[in-house]
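By letter and in written order, the chains are A, B, C, D and E; residue numbering begins at 1 in each of them.
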Amino acid sequence: MLAIEDVHVYYGAIHALQGISFQVNQGEIVTLIGSNGAGKSTSLKTISGLLRPKQGKIRFNGEELTGMPAQKIVGRGISQVPEGRRIFANMTVSENLDMGAYLRKDKPEIKKDLERIFAIFPRLRERKGQVAGTLSGGEQQMLAMGRALMSKPQLMLLDEPSMGLSPLLVKQIFDIIKDINAQGTTILLVEQNARMALSVATRAYVLETGKITLGGMAQELAASEDVRKAYLGA
Amino acid sequence: MLLKLEHLSKSFGGLKAVADLNIEIGQGELVGLIGPNGAGKTTVFNLLTGVYEPSEGKMIFAGKDVGGLRPYQVTHRGIARTFQNIRLFGDLSVIDNVKIAFHQHAKYSAFSAILRLPSFFRSEDEMESKALALLEVFHLRGRAGEVAKNLPYGEQRRLEIARAMATEPRLLLLDEPAAGMNPQETRGLMELIRWLRDNFQLTILLIEHDMSLVMGVCERIYVLDYGMIIASGTPEEIRTDPKVIEAYLGEEAI
Amino acid sequence: MGHVLREGLQQVVNGLSMGSVYALIALGYTMVYGIVKLINFAHGDVMMIGAYVGWLATSRLHMSFVPALLLAMASCALLGVIIERIAYKPLRNATRVAALITAIGVSLFLEYGNMLVASAQVRSYPPVLPSVSYKVGGVYLQYGAIVIFATTIILMILLTLTVRYTKIGKAMRAASFDKDAALMMGVNVNSTISATFAIGSALAAAAGVLYGAYYNTIDPLMGIIPGLKAFIAAVLGGIGIIPGAVVGGLVLGLTESAVSALGASTWRDAVAFLILILVLILKPSGLFGKNVREKV
Amino acid sequence: AAGNGGGGTIKVGGDLELTGGQAMFGQEAQNGIKMAFDQINAKGGVLGGKKLALDVADNKSDPGEATTAATKLVGDNVVAVIGPMTSSLVAAATPVVTDSKVPLITPSGTNAKLTMAAGGKVQPYIFRPCFIDPFQGQVGAKFALGTLHAKTAAVIVDQKSDYAKGLADTFISNFTAGGGKIVDQEKYASGDKDFTSILTRIKGTNPDLIWLPGYYNDDGLIVKQARDLGMKMPFAGGDGWDDPSLFTIGTPAALNDTYYVDHVANDSPDMVQFVKDYKEKYGHEPNAMSALSYDAANMIINAIQTANSGDPAKITAELDKLTGFKGVTGEITIDPNTHNPQKKAVIKENKNGKGIYLTSVSPS
Amino acid sequence: MKVLNKKNLVILLAVLVVYGGVQAAIAARLIPPFYSVNLMLICVYVILATSLNLINGVTGQFSIGHAGFMAIGAYLSAIVSVKLHGPLGAAILAGGIVSAAVGFLVGLPTLRLKGDYLAITTLGVGQIVQVVFFNTNYVGGAAGFTVPRTVNWTWAFWLTVISVVIIHNFTNSTHGRACISVRENEIAAEAMGINSTKYKVMAFTLGSFLGGLAGGLYANYMYLIQPTTFSFLTSFNILVMVVLGGLGSMTGSIVGAVVMTVLSAYLSQFPEWRMVLTALLLIVVMLFRPSGLLGTKEFNLGFLGKKGESRAA
């Protein structure tokens, strides 16, 4: 479904991604784990078109995405829950969700999806009219996920969705991720919380300073000694 | 008691973010404040540090009411904090970040600075060496000249704590210090927190969602939900408290 | 007694007429500010260009008022988009003050560029707005003032509805807050910002043509003072808030007229600013602004 | 810049309002001066073949810049300076030219004090082809009392303009001395567009005449707005009214029954040729600024020719004793004690979109 | 010892050479008057730009009314020297002090405003000052105030040097760092024990004081001052110098002041094109160097080793 081939990304002189390649297949949950500054967020931003690779190719459902403007890529069915949430703090919760469905025209369907999202995140329904900037961290994370779901994506990119969330919510969020996945959305998940990520993922890749150093089935990686030491804190 | 919060409340419009809160913390204690997202934890910090004014209630620190003070005055009284979303002076060097926090202890006036009187040089030298010593403690000495925003995330978190320490507080408030850290870094942070408390006779109140850290270092924990305390006690008690499990930890306790 | 009352009423009418001119200019100002967060110091000068286009259309091409107005609005919309693309877009990620300086640059460029093209000479509009005044109970009401007032109110309502409820309006607000996040929603940020400038500049042009037709004189520096006054009006009402701009404009006009009515016409600008400062000290984000504190 | 006369040119400085609030004055002046120079250069120049060149410095309509511009021109070794056009800027440039002993002719600086130094002595280097403000105010008052039979008057003055204040002051003193009464005085700042508030105040006092000594672009608007407020009394003012666009700014109908003091009538035989040449060269009608600047330039040419020298000191001496100089704005004789010209003024009446000669007044 | 290190000695030497050189040239009548006016203007604008930089660049506030403080200094010094027949030094100092007092009174309530709201307020203060002088006949009203020229190169130059040293020494101290921290993040600065209001007002007052000094210099050199000279366009002009040089960089402000003054003098030969070219230049510089010619960096004498205030290794 999504294929990344030898992608290089630079921030000025900084070579942030040094030729990474990986794939995400239809229906999978794939996770990218790695320490701070490894380039996880950079990978996601490159896929969603916010960054331009200097070299390499990105293909989605056979179509070349490289060079396509970010707003078009959303239309192709990829949506992103960015690191740090990036909700529209000056708009209300409802308006944020509306923005998620910006490219959609199927009004009744949108309405249904909104209900579905309120069912997943009841807190959002409670805070419908609140200006999003005053939500607590966790509420904002829920909003960011809800907003991304509103575009009805085929592939959802999640950047550290568990950051700053309470243990219960972390669990819930991962349950939701599994749910969303079960309902047919493919997921590419970036996480610091490798333990959780590996427990829900089908496959996983390890990213270290801009390079993919390991890749395989999530369970295998979770069992590997190196990974346990470096990322699972065991 | 170093800190006593009595019937502390804060509402935003109709929303009661903090409701009739009572907390007591003794000198030298290391206390955790946990609770679901939106429970009002950060709001408690904001009240304590003068960012928000309480709607009701009292905050007694070291025997004196700190309600209604401006943030800098609270800092002068001996309360320092870090922020949930890092707020370093991003474009300044690491050492300048720390020196700024020494400001209240500088011993010369703007006038002496302009005239470059001897007191200026004396005090500047002193601040420089104190800042370097502090950076040493936080393993940041080698980074002293770097621009703060270029540091890796984990080091930025540490610098924020170092900077807060430079105000020479009696009470340190840490808001999710481990957020965005990997397990290894978190372990390092745990040691650092313990070490700080022991070496500076510091009292620490920390907010954190990473249970390994909270359970690992805190002696006592308050659990907040909807602005109210739903439980308090030792990590052991909290871990097994059914209310806490239901509201916060989730079924399979860690 | 009745005489004093009539004079007072006349002054209120004078103030409202003047104020609705400020309000009309302030609308575009505040709208661009609200979305792009740029004090577009060139706004008054876009208005001036609009006035010149309207003048060319009516006096040289002998078009009638409405077509001339539309032509001016269309050309200024284009001008606004061009200015944004060339002078502001590259600075989106730079400091705000850099963009402000560029805006000052654009403003000077339009003023003195037009002076090169059209000379410094004062031009006057052909009588496109009937120079009629109605006498109602001893108070004179200008036809032109009524047109301006009505236009201002209608545009205010349209603009508020657009920004608040339409898709493009929401896209504008989203892009205004976080461009990358808006991109992730599928918003074409560049065209959204272009649209903002196009609308803002078209409004400026409308104001320019009405201003030119109402006060009858236009010159290359005509935009400076109204631009400044509109800025005051916008801030007074709470910058970025559309109805605020209108109220701010009217308050400003009434204030100026009151000061003049009291025989202190030379203190008018000082009093206007003084009131602005006092309002801001009491209400730091303007009359209609919400005092949003940064969440820590 | 090479020294003067070196390449067969004589440089005359222009300290002019090319940008800023009074940009139009400077630009009209520049046209007038250039035309004078072009004409003499076409006839073979002065002093046996030397061409006249205008060295312009923009004073941006700002006094500080006027000083700077004068300093630059003097540094360029000009033999004389023309401009600034407005009184306050002339005052700012005066110390510079005086220090350097270069004569300065201000075509339209009408403030009385300009040519007078402290202690009642004449400013040795400052000259002008125009009559002074007190004279206009005096003429205006005489006209108001005598011809218009006004008993009461209101005055509207441009607060920012020394010129307008000068005209207002002498009008007021002469009008009251002649038995009239000033019922209201209002102020505005040039560039204002909305005068309804002050007009509403004046309306309440119902004067026989409004003395409005401002510039045409304000005058036109003020009169029009007054008429729109139902005010029907006559207006009168000074030479600042003189510009064809007065009637497009205010409507011809509104401007009926308004009068102004001027340097010259459009249909004066002296002007006809000038108006024609000017229109041909620049495509629009000249105004008083262009005509006065044209005369100023010719006064310098005349001085160079009679002195037979490009030496600023000699030019100054010639200007000092200029008599019977035939300018397009009238015959000019410089009074050596005041450096003001002795010339006639005319009163024009605006009638259906034209300023028509009404009467003329000679210096008393 | 520290005050007289190698770097400071070199700077002192350079300053003396510039002063002496120009002074000698003036004495020998080598400098045409046009150039000497511009040298004076450079001094005036260097003071104005560096003092505005203290407010806008160092402390991160947003003042666009600096010409107002220049006006106060100019008029007050003119009153002292013309009406009260005071000595020049006293006149200029009085201008600075009154300007500082106004700055303090205005700053105290208004500096809690943020960004654009503060900007319009300062603009307003500048306009009000202008209107007050317009309406005050004691100082000549719109016609202006004639002041004999008593300022010479020595006055202008040393006053500029003193101002720059004051700003430099203030900025490079704990008080200056406090101002910078307010610029960087006001909430964090407060949390570090810094009274942000105090430092904003302090920087604003000091900046107003120096702006007033510059006004005094200007008034006592220019023969005539008028309210219009101190319009918001002058304020913009000063702001442009600061931003062009690099907001936050004192040496940048100096460069900006020099560049803009020289440029304006040069372009006065092409009056019709002058403003258009200036405008284009502004736009182009901002597009290609949005952080100004020097960015936030200080131009320093790198070859002499570390900066005066030693930084950590």
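FYI, a contact is a pair of C-beta atoms (placed from the backbone, for glycine too) under 8 Å apart; a residue touches a chain by one contact, two chains touch by 3 or more.
Note that the structure is a prediction, hence the values are computed from the model and not measured.
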Mutual neighbours - chains that touch chain A and chain D alike: C
Chain labels contacting chain C and also chain D: E
Farthest chain (mean CA position) relative to chain E: A
Centroid-based (C-alpha) most distant chain relative to chain B: D
Inter-chain centre distance, chain D versus chain E - centres from mean C-alpha coordinates, in Å: 37
Separation of chain A from chain E, taking each centre as the mean of its C-alpha atoms, in whole Å: 51
Between chain E and chain B, distance of the C-alpha-averaged centres to the nearest whole Å: 41
Distance between chain centroids, defined by C-alpha means - chain B, chain D (Å): 74
Residues of chain C engaged with two or more neighbouring chains: 112, 115, 266, 296
Per-residue multi-chain contacts in chain E, two or more chains: 134-135, 187, 272, 274-275
Per-residue overlap in chain A, given as positions that touch at least 2 other chains: 134
Chain B - residues contacting chain E, complex: 49-51, 70-73, 75-76, 80-81, 83, 87-93, 95-96, 99-104, 106, 108, 110, 113-116, 120-121, 123-124, 127-128, 131-132, 144-145, 163-164, 166-167
Chain D residues touching chain E - in the complex, by the definition given at the top: 16, 18-19, 21, 56-58, 62-64, 67-69, 71-72, 74-76, 87-88, 91-92, 95-96, 100, 159-162, 165
Touch list for chain E against partner chain C, complex: 56, 62, 109-110, 112-117, 119-121, 123-125, 127-128, 131-132, 134-135, 187, 232, 236, 239-240, 243-244, 247, 272-276, 278-283, 286-287, 290-292
Residues of chain C that touch chain A when the two form their complex: 167, 170-171, 173-174, 176-178, 180-189, 292, 295
In the complex with chain D, residue positions of chain E that touch it: 32-35, 37-38, 41, 134-135, 141-144, 146, 149, 218, 222-226, 228-229, 265, 268-269, 271-272, 274-275
